[in-house]
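Each chain gets a letter, A, B and C, in the order it is written, and its residues are counted from 1.
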């Protein structure tokens, strides 16, 4: 598959018919995720109230669930939204932020995986590892030595969902395939919410194609490519953060030739 | 009326005696709205708890209510704050974000309009249209073909409040007049919360003058003018977002000569 | 004491063994505080749920409590987290944002001071003054004429905690000493959350040394020094905000020679 061309085609579809991406996400990254969604040409909507989440999710083209600043009430809202999304055929991406750091996070992520028809699970190797019993997490950072590919394969097998373990090389496992993404930049690790934004990007791309592992890899690759361009000249993290959004919004004109996805 | 001169005079009054602007707003735009308020020379305070909103609202010079990430509890807090504002003569601006997208949003906005002495209502043509039965909204974006002026006039007549429908040309209807604002830039549509920030700007200007339609038009015009200046050179949305705040804060020195308000 | 050298040593310790800094903070500054924490080389984690705050706090190297957008439930979560931190020997810094503006804020801050083993209290002279009965606050801004040193000494004596009153000159009182910090820039007053970020910086430094007044002064001095560098060329507040994060992240290479702390 010609991944750079597929990435360009997906971006063109998003721009031609902007998907509505319903996000129930954490308070740290809300603004960044909404701006990223607009940058990719899609329409973000953040909605959390139990009175409206099912209605909003069913109207959307993708649902993003992120437990970064979870509460018991928010998990219930996620369940309501996720069930409505499932009934309406809306793809769901789950980001189990901080799974492994506290029991509440691990158990909440496992509950969402058990009760909802999750399409894609994305996390770092510590978070995804924690969900299959092997990860180490401090706060929201992976600190163990798990092999990302083994972690992704274990989670994919256990939960039956496409799984993306992001890191220096992103590993996407699903549909009997493994895809490796070699885009990105270390500066992403210097800004908060860079993983959460990767998850939002996956949600956007799920709305633009039918093959979850491929769309996931394309999302991670284009987001990572924008980060590479934003990092030119080695800016500080504050400047990088603004430029990252600039480069995401420019992908339609700067192109996707450097997208690096391989079948592993 | 010499609108550019009135805009400069309003900014001077804000700077000379910074109004406290109490905002109960959504989690996407909180930081941006607070920074915008400081940029205009006013003092923001975000306070949501039922234990304090009435006290805070009564101490303020304007109250901004924005339902972008509403909850049932937050609507109750808005009612407490709004009643206290009304009793203290504090002007209130309401942003019915996403009205029309879900029943909960539409009904909550209508309830706030029914129970509180709202001074100004601001939204896009889809949101305001939804409140009078004609709008189309996807998430938080207008997608219909309503005429902004008809929508503003219908809402103004129905709710008895100054109504601003923002878009390529902003329409402000109130006090038997219609004002048209021709400032702004398409890049505002590329960043999240640009409408919410317009609403915050209206709150700030309501604290600096007694004529709600005029103050609303001045707020939209100066905010739009800052956006025009921030857009010079066609930056990406991340850079534009930072420059927008720079240009708002510079209005006192760069001036308001290009404010374009006409009586329609 | 050679404060510039101590600041450099503290930054080196943070970088060599990044502390996890658990923050229960307001929705305005969440993203900025997390980015600041990463900029200093530490690991932020925002966690608010009663189901997890004790576990997260006990795993952390510092706990930051900030009542800027408090709720009754959030104060309860702060009490749970603070007790767990106290039992685990984790230092706690409290930012009583807006104390004095409403009774709920003043009483909540006093309750946290009464029930938790707070290590450092930081606020402006109005907020800290309100806690000892002398301050004037509008929203979250100090508006009175209190003497910062008298306010800091009164609060330190009354609550038995290291107290930092920040302003043009920051005053830190604790352990029988008074330290004066002469770093910073007026542009900090033009962006929202600059005080909250100072509090987060204190939390980070408390994790890197055993002497609370000294670590507090070092935190305020390095943060203020980064602000001085970010302000070169007199940028607007939007650009300053991005550069501030750049300069914080660059402190390891640009150095701390201009740290200005004196014993008062």
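Throughout what follows, contacts are C-beta pairs under 8 Å (C-beta built on N, C-alpha and C of every residue); 3 or more make two chains touch, one makes a residue touch a chain.
Per UniProt, the chains are A, B, C = Hydroxyethylthiazole kinase.
Quick caveat, the model's predicted, so the values are computed rather than measured.
Please compute the angle of the rotation superposing chain A (Hydroxyethylthiazole kinase) on chain C (Hydroxyethylthiazole kinase) (C-alpha atoms), rounded to a multiple of 5 degrees.
In short, 120 degrees.
Residue numbers at the chain A (Hydroxyethylthiazole kinase)-chain B (Hydroxyethylthiazole kinase) interface: does the shared fraction exceed half, giving same, or fall under half, giving different?
Copies use mostly different positions to touch.
Between chain A (Hydroxyethylthiazole kinase) and chain B (Hydroxyethylthiazole kinase), what's the gap in Å when you average each chain's C-alpha atoms?
Result: the chain centres lie 32 Å from each other.
For chain B (Hydroxyethylthiazole kinase), what residues touch not just one other chain but two or more?
Correct list: 27, 31, 241-242.
Okay, in this complex, where on chain B (Hydroxyethylthiazole kinase) does chain A (Hydroxyethylthiazole kinase) touch?
Where chain B (Hydroxyethylthiazole kinase) meets chain A (Hydroxyethylthiazole kinase), its residues are 26-29, 31-32, 68-72, 98, 101-105, 138-141, 190-193, 235-239, 241-242.
Residue numbers of chain A (Hydroxyethylthiazole kinase) touching chain B (Hydroxyethylthiazole kinase) in their complex, please.
20, 22, 27, 30-31, 34-35, 37-39, 43-49, 51-52, 55-56, 59-60, 241-247, 249-250
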